[in-house]
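Same chain, two partners: subunit A is paired with subunit B first, then with subunit C.
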Partner chain A sequence: MESDSDISTSFDVATDQNPNTNPPETTEEQLQTLTVDETYGVADLNETSNQRGMDEAENGSVVAEVDGRPEPQIEELLAGGPPTISAVSEAVEEVLDLSSAGDTLRDDFELEADPPLSPSSSGYAGERGSSITTSASGIEEVDGDEIDEIDEAMAPLDGSGDASSDSVPWIPGKKHVDEDDASISWRKRKKHFFVLSHSGKPIYSRYGDEYKLAGFSATLQAIISFVENGGDHVKFVRAGKHQVVFLVKGPIYLVCISCTEEPYEALRGQLDLIYGQTILILTKSVNRCFEKNPKFDMTPLLGGTDAVYSSLIHSFSWNPATFLHAYTCLPLAYPTRQAAGAILQDVAESGVLFAILMCKHKVVSLVGAQKASLHPDDMLLLSNFIVSCESFRTSESFSPICLPRYNPMAFLYAYVHYLDVDTYLVLLTTSSDAFYHLKDCRIRIEMVLLKSNVLSEVQRSMLDGGLRVEDLPPLDPSPRSGFLSLHLGQERLVTESQERLKEAYLGIGGPAGLWHFIYRSIFLDQYVSSEFSPPINSSSQQKRLCRAYQKLYASMHDRGIGPHKTQFRRDENYVLLCWMTQDFELYAAFDPLADKALAIETCNRVCQWVRDVENEIFLLGASPFSWYGCCLWCCKEWRWC
Partner chain B sequence: MGLASTTTGSEGIQFCIFDLKRGQEEGQELDKILFFFPTDLPFSTQLSVIGLSEGLITFTRIFSPEAACEVIEAERHSHVFYQAEPDIWMVMVVEKNKEAEAIWRIGALQQVLKEVHSLFMMFHGSIRALLEKEPGGGLARSHLYFFVMDYLTDFLSGKKLQLPSFRDCLKERGTVQMLTVGREAAIEVQSLVRVVESACAGNAACSSLVLFQDLLVSTTLSPDDTVNLFAYAILRLTPLALSSGSSSWSYLRKGSPASLITTGFIPGNSVSVTEPTYTSRDTSPGRQGQRYHVPRPLQRDKWSKGKDGFLVLETSGAEVGGLNSSTPTVWLRQTDERMYLCVFQQKNLTIILLIPVSSMINGEQGISMVKRQILENASLKILKVDEKLSRGWGGENAYHVRGYRYLLFDGDRNVSRASPPGKVTTLSKDSLLSLNRLREEVDLEKNRARHDDPSHEKDLEVCIRAKNNAWVIARVTRGKELYMVLEKANETLLYASDAVEKFSNRYCNGAFSLD
Partner chain C sequence: MATMGNNNLNAKLVLLGDMGAGKSSLVLRFVKGQFIEFQESTIGAAFFSQTLAVSDATVKFEIWDTAGQERYHSLAPMYYRGAAAAIIVYDITSTDSFAKAKKWVQELQKQGNPNMVMTLAGNKADLEDKRKVTTEEARVYAEENGLFFMETSAKTAINVNDIFHEIAKRLPRAQPAQNPAGMVLVDRAGERSRAAGFSYSNSIDCLRVVRRGLSSFHGETVRRFDANIRKVDPYVTDWSTFFLAL
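Let's look at the complex of A and B:
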């Protein structure tokens, strides 16, 4: 799974070319990338497209095709047995057959992730930051190397210390491939992720080369099965600051070794998402390969997907969706989103299962066919998959994907097309031959979006950003007369005093030391988070805050005794407030010296503000429950009690 | 005669002590095991528990060489680790069971392991030293067997071992509970201590502890040694501990008269019997016990009050390893010195006097002299102090604060104070579970802060309104910790904070106040 191997072929089909038109050619091309890695003696199938392409070649033809080339001898490192390429391809075929992907055609996965994917990262700040300043664009840490994180964490909150790390954009893809478990540097990485098979074969490792980690992987497997043999299931092991978290999903084992502060529940949730991402690429029918052959090597099936995993893992440290199980929308004027929704709805009625218009990780609009609903985790995994695969950007694509929460056993087909740099349309269907139809749909949608100025509004919203704590309006006890717009330029009502207040808060967050908040609407499955403002402006501070929220979330949602109703938490870094009701959850971060009473009052203001602008920040009516009728107006008692 | 069936209480709990230096060759693995409870578990099962533990100790060292493995959390069991001495590990495996209320806090279970080891060291010295003394391991095994079994007896509740669960979340093991005394009484106590300690002949450095009922009044020992001796006193020496059967209100005793080892097991005054079948790997400590004549300072009902007011430990002849004396000795960490343990009791007062063994050339005779001196010089003072303290003593609910259920804990001095257990039981299960969970979170944060920078003291405030509307509160500041449940404060966060503030100002000298 080394993404930076010497061979990197991309199979992007020219924009207007139907991927179906010329399958044999594609297959042949794809097969050429099937190489034998001499170093490890393992077939290095470095493109997902290879496997999928192979599927096209009729049974056994893979071997025939390869015949003309130097005889490739593949040795399985772990199994010791010498399966031939045909064995591998059989397995590959099987997966795809089982998953009814038999007739899929192509993919646009690209091996080499072309860095950098303009990082969308920081929630809101990223969008603003990428165009205005290079500093706030949600980067994890200097090229993802978590060794230095300890120092970061100890650094004072002034933000000056991390300036250098902020200017280096995060680059997707695997790092430190040269390491293995014998390397000191590898051992010191702050957060490892491993995926392995139940026979101990490595499938994925965040750092280091999977094949060199075979021994280590076998150890992990031994720990898991030792406990399983005793009739139990290991959840985690703790030693000092380190936590080893285990997750068993049938024949696939996932392990995280971390010395970050994240609680067990959060790390387990992350493993769950990594598993989901794997299912999104392969479907759960991959299990049957293991049933047939316990020593089945899954690595080739995931070849070239390093960028997908690394991007997902990166998102654990900036994207609240990874622990909130909710999605977020791009702020837009209500009529604009309505217009987008209307055309998507139109299309959905013509046999499209889901039509999603997204901008980076934010939803512009989303429509599902009758009764079909999309789980926020599926949206997260889908958008991560699309955003992290560079090839989606360069051409329209039709790709089999599986939505693990929707149906883990079957592939859907995703038509993906970028409408501009950040905005893309995803049309999901169950039919493998809907490419032309979806292409037509896309053309229609694109036309309407252009005509109704939705796309320019989207770009404008990206520039403007979302809610800013500095703009928090004062609590107004009287019934609101007008309608406070959050940011949409010309509509903004800014009084002189508000402007002055804003200046006063510059660099210290909003009123009462409010630094940041997240508001999650339970019925909508959506959340809105404020832009990161100073002093939460460096990526390490954003990451720390994200982890503090995770901890708060885990504490509030304790499985045994939760959910709690309210939590106030003050430590050296923050005052955190969490307030949960039947309708929403509010997470707010304040200056650690913030006054309790003022902080509470500020939370009330935030809630009121969010309600005032809900038309713009949420996608209403997408959920089976209409939040509008049911809880917004009848719930009078929404203050802290 | 014979080993009492130790299956009592075995369900759900395993406890083992092993030495990673031993049994490294294949086939010799049993040699690692120094203690295993339940004793009747097949060796293969014992080895499997130890194998997993050893595996994970090695594995976690890859990433965390500086901090040892602390816990394996599985769906049905928790494995709690404590590295007692270099390469000597204690592991407790507890079964989780929601119905049986078997919900644990890892930190509390670790405290149990730590306590049993500290007490063991106090009487027998380090496990390593015993292993070096007799490399076969029989000596260490038999000492551990009796000591740990006697210790575990205190957790027997009916036929089951009842380890500290979430219901004990307002208690802190390994701490001392103090009696608050007025200035005048304090002066009296001080002068009593002076008189008692001067009873030791010559210039020997004696130390003492004075307890009123189950509360500490005065100590001249180091904090570590104080904690150990205090724990021992509560378990076996105070008036409440002596009146066997009556249950103590201290967290340390459950007051169950049963024992994990039948009392008649070691025949009094018997001569050492060497079992012909004995091998160095024989882990059946029953036979070894007979072979080694192990003193059992934690055996129940062996202490009794003599006519002169001094407590006597019923011994079985040639006991007390190597020392020709019936007065037990303890080893002090601070001074690395063996001391005679001399206990005097009158009414509510228990006075523990520790006399360096090295200063007593003529052993028992010298001790008798000291005892006589105390009786002559201190009797009156003791009466007076007892009277004074009794007058100011508010009974077992003395430290109850209405409306609050709390635990106050000073980590620097190892002192804690808590709501009386009788009051804590009025809390709902949900409140206790919430606090238990919160304590677990705080433990993690504290450990983390300690690993990051040992000199940095964690500062933390958490107020949670639980599902049942109770406020569950934790405050950590400058080494002090306060945990609290407010069930009746059905009001706002500000109200709850205010309640903490008031408590802090009134009972903690404002340690947790914000200003």
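Let's look at the complex of A and C:
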């Protein structure tokens, strides 16, 4: 097996260990994986030899070369950092360890987390990896949470803070408005987000009052402009524990200052979403205001939207959609979702651009007019906007809304109506006088949904929840007859071995120490994640896991290194396993002491399970992506017919 | 636009005014009898309907509670277009909101339907100790502009139902002859297009238009006009008696 080690992954190891338990399609997928792997192998080497990593040649942008030159204001802000800002060195260091890890990965599918692997660590093929590497990234999470969170634990009644301490629910809206950059508490916050104009006017700040932060904002503007004027872009600056990430979108600058150790790509993606949220509220034509008057003050235009931003920022720490660029569905029996889809389809044919039925952030059904397709990021921003604005709950509304990925320049009109506490219908149209038509559509839809019990099924599903790792069925090597249902009323097939496994891991997740997983279908633009179950039950643990996934995602998608196909990381918090194929990406978190071979086998089981219940957990067909969905739906195949 | 069938009136009503003036609170008080201390800022516009019985008819209000946030200002015509009535709301504790209200009145006078029943609501009347806009100041302004004026409190419910009742009473009625008994309007689209073609068939609207014309030159005439207007039964069809009284 080691002889052709460059085409063997640990999944081969797993196959060797458990030859009888792998279904044939797994091998098939592996083969596919391997082919792709080889292709990318060359590119990887090139990239590695360049050692460029973080700077994207594509944009011609570079990492800020500000090393050695102290920036007094930043220094002051980032109290606790070393006296110089060394952007380049740290970035390269990170790239190096990833690229060396990349080689290791192909060899023996082992990436024992960060910190950097020593080159010698690539030589232990065959080791099952039960050693625990102390990770630097772990310290951040263990050491203490954001000051925000500490605040909360001490003063739970001030109605502020992230959902972090288990007892205090997250409350939307602006926190700590009284602060400014002179406040010690403000400086200690672990993650700041700023939006400012190119003239340095504050537009949004996560903490503190925008107007009081005018001076600070001007400083950020000065840094960005300084580099922009040289024809370059600042992407990020590192100052000790802090990372400052910049995103320039025309006249709007976005900045994140964070010491959460999240990767650059993740933070940048978050800034992208914040920008998208702004476009959703105002459209990109807000740029024209800056053309007319460079000193234009944009803050009043965003009046009353603090809750929208704070909810979005909060979702960065719990909602995988924010980095997966995929949406998730509420699990429903197939005929139920079909019934909902049929009536939405009916309405879409009467001049509605998109008809979306959602429950919180999960899709019940969704239909687009011919050729119109809805980007998952737009769905995330739209549902965040609707869910975070209390005003939509009061009555039916008709509001201008822009979908940045659909058309950033123009408003669509959204008819929004809550059918029950969590379930809402959004009908999008291009026509500003379609209200009465949409209202009639809604009445029709609501009637059908009530008659066909869709709404009660939706509520039931909300109560039941989604897939649970504890319920992972054993791998079934024989051809499947019918479908295993997830817990939607039908009884599950519980085998002896499953019972045994359950016993062994009772109260600590699923079989083989499986704690959680996310399965993302590439064709469908959808993902499904298991419910959080013990030991991932507090919101701070969920946040930590979400960040770990995010990091994994970023490393798997790092263009500088080429897409990895598999990754196995172990640190003191988890064993993380990622497996990418053309069709799907699987992210799984295990007990840090989990056995590697068993973990791999478990991942295969997860994939099979997901396929067995795909009818219920995904929206198949009749979606804006129906050209993919159709194949899935009629041929039961995870690829093109 | 008010339309009528069988003494049932459908009237589109729009609320305009600065953010935080209390538009949503007034509507919620009127429609649901509620008051929420921390009412969230409205997004776009929220739609409500509520039916009121007045002496001669049942009025079904289709209410557009618009957002006062600046970014929605340019979209307001979408909501007030074709409205039969408007309530322009300000907060008696904020002179800014009163200034904004005047701007809305101006905009409606320029862009709106000339037959629109316009009312001015000085809301948060319960906050007497924080008052910045005197009743007198607002009353004079309202008279000058032919607005019906009331101070309201969504919190205590004072004058809330009254203002809607007053609007219902003042809504232009179509001539009964044009809507023969027994004919019921069911087609919404038809209803709306008919509404759009509304003619000056109603006394109170004519008066309003005449008055607006008068107000631009002679103060004394306006005052006499106003004194008379109150004496006139809004449903008179005999115009000559009224104009003779002027």
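General remarks:
We adopt the following convention: the second predicted complex is superposed on the first by the 444 of 641 C-alpha atoms of A that agree within 3 Å, B and C clash if a C-alpha of one lies under 4 Å from a C-alpha of the other, contacts with A are read in each partner's own complex, and residues count from 1 in each chain.
Here, a contact is a pair of C-beta atoms (placed from the backbone, for glycine too) under 8 Å apart; a residue touches a chain by one contact, two chains touch by 3 or more.
These numbers were taken from a predicted model, which means no experiment stands behind them.
In the superposition on chain A, A:302 makes contact with subunit C only, while subunit B stays out of contact range.
In the superposed pair of complexes, A:398 makes contact with subunit C only, with no contact to subunit B.
Contacts of A:568 after superposition: subunit B is touched, whereas subunit C is not reached.
Applying the stated contact rule after C-alpha superposition, one finds that A:335 touches neither subunit B nor subunit C.
With both structures placed on the common chain, the touch criterion links A:597 to subunit B but leaves subunit C unconnected. If you check the complex, the residues on subunit A that touch subunit C are 281-282, 300-304, 307, 389-392, 394-401, 414, 432-433, 435-436, 439-440.
Interface residues of subunit C facing subunit A in the complex, by the touch rule stated above, are 19, 24, 28, 40-48, 65, 67, 69-72, 75, 78, 188-189, 192.
Listed in rising order, the residues of subunit A touching subunit B in the complex are 150, 153-154, 181, 187, 219, 222-223, 226-227, 230-242, 244, 257, 259, 261, 263-264, 555, 558, 560-572, 596-597, 600, 640-641. Interface residues of subunit B facing subunit A in the complex, by the touch rule stated above, are 48, 51-52, 55-56, 59-64, 66-77, 98, 103, 430, 433-434, 437-438, 441, 444-445, 447-448, 451-453, 458-467, 469, 492-494, 497.
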